[in-house]
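Working notes, beginning with the structure itself.
Should a chain be cited, it is by its letter among A, B, C, D and E, assigned in written order, with residues numbered from 1 in that chain.
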Amino acid sequence: MSQPTGTERSDDETRGPLSNWVDSAIKNPKKVYRAMFYVVVIFFLFTTLFPLYWLTMIALSNSNRVSEGVGLLPAGFDPSSFVEIFQQIPLHLYLFNSFVFATLTTIFVLIVASLAGYAFGRLEFRGKRTLLLTVLIISFFPPAAFFIPLFQLFTQQIAFLGLTPPELYSTPGGVVVPLSAIFMPLAIFILTTFYSQIPDGLEDAARIEGTTRLGALFRVIIPLSAPGVATAGILTFIAVYNEFFFSFLMTGTAAQDWAPIVDGIISYQSQFQVRYDLMAAASIVAVVPVAILVVVAQEKIVSGLTSGALKE
Amino acid sequence: MATEQRQQQQGWNPVSRVLNWMEQLSEEAYAYLLLAPAFLVLFTIALWPLWRTFRVSLFADNLFGAAKTGEFVGLQNYIEVLTNQNPLLSRPLIDLTGGTPFFRQALLVTLAFAVISVVFETLIGFGQAYIMSKEYRGRRWVRVAIILPWAIPIVIQGMLFFLLFNPSVGFLSDPLQAIGLFGSNPLTSSTNAFVIVTVADIWKTSAFMALLILAGMQSIDKSLYDVAEVAGASPWQRFRHITLPLIFPALMVAMLFRTIDAMRIYGIIEASGAGCGTVPSLSCLVVDTMFGVTQAYASAATIAFITASIIALVIGGYLVVLKLSPEGSYQ
Amino acid sequence: MATITLQDIRKKYGSDVAIEGINLDIRDGEFVTLVGPSGCGKSTTIEMIAGLTKPTSGTVSIGERDVTALPPKDRGIAMVFQNIALFPHKNVYDNISFGLQLRNFDKAEMDRRVEDAANTVQLSGMLDRMPSEMSGGQRQRVAIARAIVREPDVFLMDEPLANLDAELRVHMRTQLQRIHNKLDTTIVYVTHDQAQAMTMSDRIAVLNDGELQQIDPPLVCYHEPANRFVAGFIGSPAMNFISGEITTDGFRSDSGHGDVEFDPAAIGVQAGQDVTLGVRPEHVIPVDEAVGDVTDTIETYTDVIEPMGDEIFVYLVTSKGETVDMEDPSASGQILMNVGPGTDVAENQELSVVFDKTNLHLFDAETEEALAHGLSEPVRVDTSVDTSADSEVSSDDD
Amino acid sequence: MATITLQDIRKKYGSDVAIEGINLDIRDGEFVTLVGPSGCGKSTTIEMIAGLTKPTSGTVSIGERDVTALPPKDRGIAMVFQNIALFPHKNVYDNISFGLQLRNFDKAEMDRRVEDAANTVQLSGMLDRMPSEMSGGQRQRVAIARAIVREPDVFLMDEPLANLDAELRVHMRTQLQRIHNKLDTTIVYVTHDQAQAMTMSDRIAVLNDGELQQIDPPLVCYHEPANRFVAGFIGSPAMNFISGEITTDGFRSDSGHGDVEFDPAAIGVQAGQDVTLGVRPEHVIPVDEAVGDVTDTIETYTDVIEPMGDEIFVYLVTSKGETVDMEDPSASGQILMNVGPGTDVAENQELSVVFDKTNLHLFDAETEEALAHGLSEPVRVDTSVDTSADSEVSSDDD
Amino acid sequence: YGASGSEGVEILGNQNLAQNMDVQAFYDAGVSENISIEITAGPEDTDARAEEFVTLLDAQQEKPDIMVMDNGWTIPFIVRESIVNLEAEMDSEFIDRVKSESFEMLVETGSHPDTGELWAIPFFPDFPTMHYRKDLFRDAGYTDSEFDRWSTDPPSWSEWSASVAEVHDSADVDYGYVWQADSYPGLSCCTFNELMSSYGGAYFGGLDTLFGPVGDRPVTVEEEPVIEALNVARDMVTGSSEASQDIAQCSPNVVFGWTEQETDGAFVGDTNAVAMRNWTYTIPLAEDQFEGGQELGVMPMPYGVPEGEAAYEGLGGTAAALGGWLVAANPNTTDLGSTLEVLRAFHSEEIQAAQLNGPGFLPHQPDLVESLAGEHPAFGDYSETLRIAGDNTVARPVTPVWSQQSQEAYQDINDALQGRKRPTEAMSDLEGAFIDLENIS
């Protein structure tokens, strides 16, 4: 294999590179496997990235030539939309608002859901099933079903159990609080699943070393569930960052009133005219923070976290 | 001994006193304590509003005055909606007469969408998770690339697919028309628009599946694969006997929540330009009814609860068919 | 004060009873080894002392204090787990120092202690490794270091040396004893290794099927096993058992080989009682080497011979041509003999042997309780006193 | 045909060398045990045979076929892992039958085999349990059953009996031998248990620091260790070493205790050469029991006495009042003696001992290679032949 | 961030207004200098704007003080009494002046349907006109005389469709006449509404019953003129000659999925169509965009049947759907006095001039349209056309249930256009749905 004989070599030359490859592939099926793997990778990259590529082409197109059709290259070339998006509206403020919502909600959800996930995943208690079902049932409802009472509550029109909360409308609280509740069931389920898979032996070891049960959760179980926690975090963050229903209705339309990024993006749309190039450019800009987050967080989704831990 | 003293000193600190108190609790009491914050949030922010919304659904709509609801009518709203007698609904919810074409009935559209999108997203999610889990140069970028669609706001996702299938801007509808798959106005034909909406959703949300499946895969102890390999398992058998059962809980969570989400589909329908008129879904009915200037709150609340019940039926079926308890294979 | 007291401890897993009801008093500074067959409840017992498993009923006290409801962290214990349980996300240093970090030790003191502990387990160069980059034995040593670095009142060790080689095992054994002496720690130790159990322990607690069989100093367990189970379990290779009955002038074996003469009255047994005679392999002696008070000659044939280096196991059968059933070493008609390395034996030979009468044991066939130890001047075993009280008495002499 | 050949195998983890270059020929149907200190590379070697770890260089062949690039599943092996690694989501039955299910065995045959294997490991009643509901030893037995049920050509077993008690260990040992004989399987076995290594193996391969020290039948390793390392490693308790030098009429120890007279020429050493004398504890004999060819009397004092039941370890020091350093058993001036259980010794006594001259070993102090085994009629060790070739020759006689 | 101060008056409009309106005009119109005025932008999409107002009124927000409302959904706010009843707050002399001087339809869509009280002041009207490419028509032999005639006296649909078809045949553009027939609110309120009107049809039997009383008016969508209008629209696209009039095939079938912005793209952006129906805002766009020989022509919408031949009073002839916006006051404002003072200014010539010159919004007073728009650089050439079109507007029947009815309507209309239902079948379905909704109270 490694040392082809002279005749083979001359053979190869006449048959060309493809059949050479086929030949060596037959001898070494790993090669075929590798090649197929890369084909699959490229396929997935193409399907996920192509629409984004095209979005970039729209952003780079000349604004009034978009409607002529944008192909693989921009219609006209006008990168100025990336500047214009900041001139028309304070896009950075919208970005900041969404970022604040997403960060606060993600932290809050991860903490509260971690406690609940620990209880559901690792403790035995009566009513576990029922409570878990209750959590699930909350996500059956269209968000609109929660909206009006919360809206009235946050605008101090009604009281909850006799209490009137501070006016949360048009503050981060008005978005973070409902979104926390809405994205909590998913996070609880994810964390429950992952926490329950950490072997008891490791928690036992931590407790013997002197942690409380809660300490074991934060020092051992959460670090070892990093893939699950990172996933729950990414999913929640992105969902909130792009959430439109509550963040739109619970805030004003202006960046100063805590309007979210999506509000910013759609304001490039006027009644009869849509600046696709601006919307595209703005959404590309808006995706950047998320992309950075994903780059960072995906490092946590690594394998083998529990290998070498236990003999069993 | 030093350790001992330290522990005693800790005993005076109020924080650790609380922690100590928690530590003494029985497992059950401790579980309830840990669940308290979550349920406090869920109760105030979710259950309580639901209760209020439910109450609204028991009253009549009032469209012509300052008050939004009229007299108490009990379950009348539910009966009217379920028998298609509520004129405020733009689409039949359930049309048993068969008179309305398939893709114009909210329930059927919703179910079809849920089934198709969840099936495809699961399959694609598996594929994506697989390539994200392998080690090779540039893996981190592949991961980012695959997750990116999930990071696209729904408005942009909608715009993107609207434009891609827009006969004048994009270039996808021409070839599809040429081979006869699409009509000339894909976004106004319910069937075509349904396909577009579904494709758009699969494009975006496969990443959701992929991420959860990937996380599940990464939590598997590698030595189990060694054992399986030595036992003679082929790659498929390793997948079948180790990967699949061990990611099953994570997969279930992913599928469960995707199904729920798919059955609440709304945003992409509006954003892609197809519109609730072309591809009506259950959530479309809720939002249209609740937030139009008509402000038919009672009808909207009714539909919201009916939607939730339908989802509950489907998810219940899930749990029964897959013989899952909600806590699944968590033991 | 770190005495450990288990009172009427029972533990059920669902409907499976793991521990049947154990009473155990461990004195301050004592080194008690739990032994028993796989699955007998050793780990369960140790986990209940640690507070990781709640007993179904009964109380656990450590140093006078009832700790049954106390969490593990407040019990002042360190533990080596049977399944090792290293923190896979922490390197060796962090694994070892974890308990110290929790107690906010200062860095210098922590470094010193970790360095010390790592030296003790001969891992000093490996503090930066992750558990997944270590061999099985190395991981086990990290687990030991993690426990000893804390210098607690009580050590619980569940097979801490299972994956170590003989030399290291000896080394660790001495180290543990040194720590034990230095800190005056109470140690509860689980092992399957007879040599460890014999050499390290103040007392050995023998468990079987969730019940405590005997707790006594090692040699008492060896020489005066409380019942047939302990007799068979302690000592490797195991004791030979010969079933038979009491006659008016001693023991008559069912097979006719291995009769022993003594006065039944001296040990309070009656003629006709079914009993089992126990003789350890080293008390089976070729007749030409016999000295002292021995039984009558037994004609046997050698079957398998296993030279072990420092001793030789000889499997004897009582009738010619028979072969030893290695799977059931106590099958009737076969006897295992253990002789010194210089002894001249060959397979399939005739060989006359005798039993050393001073070291014979007699057990009731039905209750399996010991009736007598040593049949030259038989000593009657007082079976009316229960095991744990018994141990209290007999262990006083250590 | 399942011979196993390792050729020039090297394995590095990053820059750490785990295996230095090993050549190993295992014959079809042979039972080879790998022994060596913790971390010496036993598991790595076995994993390379299995194909779980790729050697950095060198080739692995199984039954004539070069399998270096072959995945584990195509190598026809079954393996017991050191870390057990049961499938946590499968019950005992499914864990054991996993390999059979992969091969689509029919249900009846599978049931039969699983039942058989479960019986062999004494777990027949537990087929429905989940691994998490079992004790450490029980899990280990499941792992063994999972391997033996497959009846493969080659068994690789990494400390399969570490967590089992003595009785079960003996039982498993016999079972494994039975399987070995019945199926004529080639077995590569890792253990820390000397008794297992001695009784089960056709040959023992001693590894140290990633290098093969000796591969020979057990008694050859015991009686004719290739070097000081093997001499010290094989045998428990370990051999005593006394450093000294060759004089014209034999060996003179540095401490003055333990001189031996012999003719240096007979073993080809020269006066003045630094050497180490090795004597096993059982070859240290109280002078009054001495028979045969022994050395001159050595005056010693007993320090610690460890009665083990069937034997007694006596720690001797050569000058009065000194105490034994248990941590360094080979410290100069101390000698470990192993005597029979009847021997009458007490602590802090004077005791004259002699060495059995036929069982003394001489090692080069520098290279640590063996120079001679037995100094009554000294046998010269031919050091020009390298270890592996050596083993080929010496193992022929088994 | 945080609560807006109560100082000054905030007007919530759109981007265009916020950016291009000269605030000074308010002071010129007499608003006291010590009232600060701020114009902010809300969502551009009309439905989103409506939702925004619903929520901020529900939230009892103090800001904005003045809301710019689409005449398509002002009446529901009036009926729900969620805005200020201006007739109760302002002097009747001013109210009467507004009522009499403004486009009548705008006034009606800002008044309470039961009492006729004025709740919102007209801001600007909007209506479509027919845009066409004079240069292409010239190439096909048409001359300025026709163009001049059309600008005040539009052709019938029958003539117009034939002309467009003829021009399209010879011109190098892809599309003939482009218009908006997507299944969207614009179809029911406007495109089809005006077509139906010019054929003498109506949803609820004429102009008197446009704004109610709900449940007490006839539903007339099954009548012949409505069906005829549907057939005309279909014929323009399919050429199937189902209408009783001769209508030439002149439109591409993509119009069934098009809204304003696609037609805009085709006619203005890509200069790729012969003619287009669109709102007045496209006139400046096209003026701006057209280059070389390209030349814009504008005329009122073609008619179906002549005025007077229609069964209902005021229908037939040229008809343009009335869009337009009103301004209303937030009842939660902390300074109602200043708010009313600013509102009053909207009905001044200064403001109407400023809105025309700034954001390009036409005046809401017909007589100002001609005088002011005549000088406007873009509208100037077409001021008479605009006036005629403005005089012939037809409003949508806004009531609290209109939003639902509109939805039913555009779905059924689009179904009929696309051939998914026969026109009669679609209209009979629609009649059923309308009656159900009429009877809801």
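Couple of notes before you dig in:
Keep this in mind: a contact is a pair of C-beta atoms (placed from the backbone, for glycine too) under 8 Å apart; a residue touches a chain by one contact, two chains touch by 3 or more.
The UniProt protein names, listed by chain, are A, B = Carbohydrate ABC transporter permease; C, D = ABC-type D-xylose/L-arabinose transporter.
This one's a predicted model, so the numbers in the text were calculated from it and none came from an experiment.
Contact with chain B and chain E alike is made by A.
Considering the contact criterion stated above, the chains in touch with chain B and with chain C alike are A, D.
Across the assembly, the chain pair joined by the most C-beta contact pairs is A-B. Among the chains in view, A has its Cα centre nearest the centre of the complete protein Cα set. The distance from the centre of chain B to the centre of chain D, with each centre set as the mean of the Cα atoms, comes to 60 Å.
Annotation: 97 Å between the Cα-based centres of chain C and chain E. Remark: chain A and chain B have CA centroids separated by 14 Å (rounded to whole angstrom). Counting partners per residue, chain A has 66-68, 212-213, 215, 266, 304-307, 310-312 as the residues that reach two or more other chains. Within chain E, contacts with two or more other chains are made by residues 51, 262, 265-266, 270.
In chain D, the residues touching two or more other chains are 82-83, 85, 136. Of all possible chain pairs, those that touch are A-B, A-C, A-D, A-E, B-C, B-D, B-E, C-D. Listed in rising order, the residues of chain C touching chain D in the complex are 13, 35-39, 42-44, 82-83, 133-138, 140-141, 158-159, 162-171, 174-175, 177-178, 192-195, 198-199, 218-219, 222-223, 232-238, 280-282, 306-311, 326-327, 329, 338, 340-341.
Those residues of chain A that touch chain B in the shared complex are 37, 40-41, 44-45, 47-49, 51-52, 54-55, 58, 66-71, 112-113, 115-116, 118-121, 123-126, 128-129, 131-150, 153, 160, 177-178, 180-182, 184-186, 188-190, 192-194, 196-197, 212-215, 225, 227-228, 230-231, 234-235, 238, 241-242, 244-245, 261-262, 265-266, 276, 279-280, 283, 286-287, 290-291, 294-295, 298-299, 301-307.
The part of chain B that touches chain A in the complex is made up of residues 19-20, 22-23, 27-28, 30-32, 34-35, 37-39, 41-42, 44-50, 52-53, 56, 124, 127-128, 130-131, 133-134, 140, 142-156, 159-161, 163-164, 168-171, 203, 207-208, 211-212, 214-223, 249-250, 252-253, 256-257, 260, 264, 266-267, 282-283, 286-287, 290-291, 297, 300-301, 304-305, 307-309, 311-312, 315, 325-328, 330-331.
On the side of chain B, the complex with chain D involves touching residues 221, 223-224, 226-234, 237, 241-242, 245-246, 329.
If you check the complex, the residues on chain A that touch chain C are 199, 201-202, 204-213, 215, 220, 223-224, 226, 304-312.
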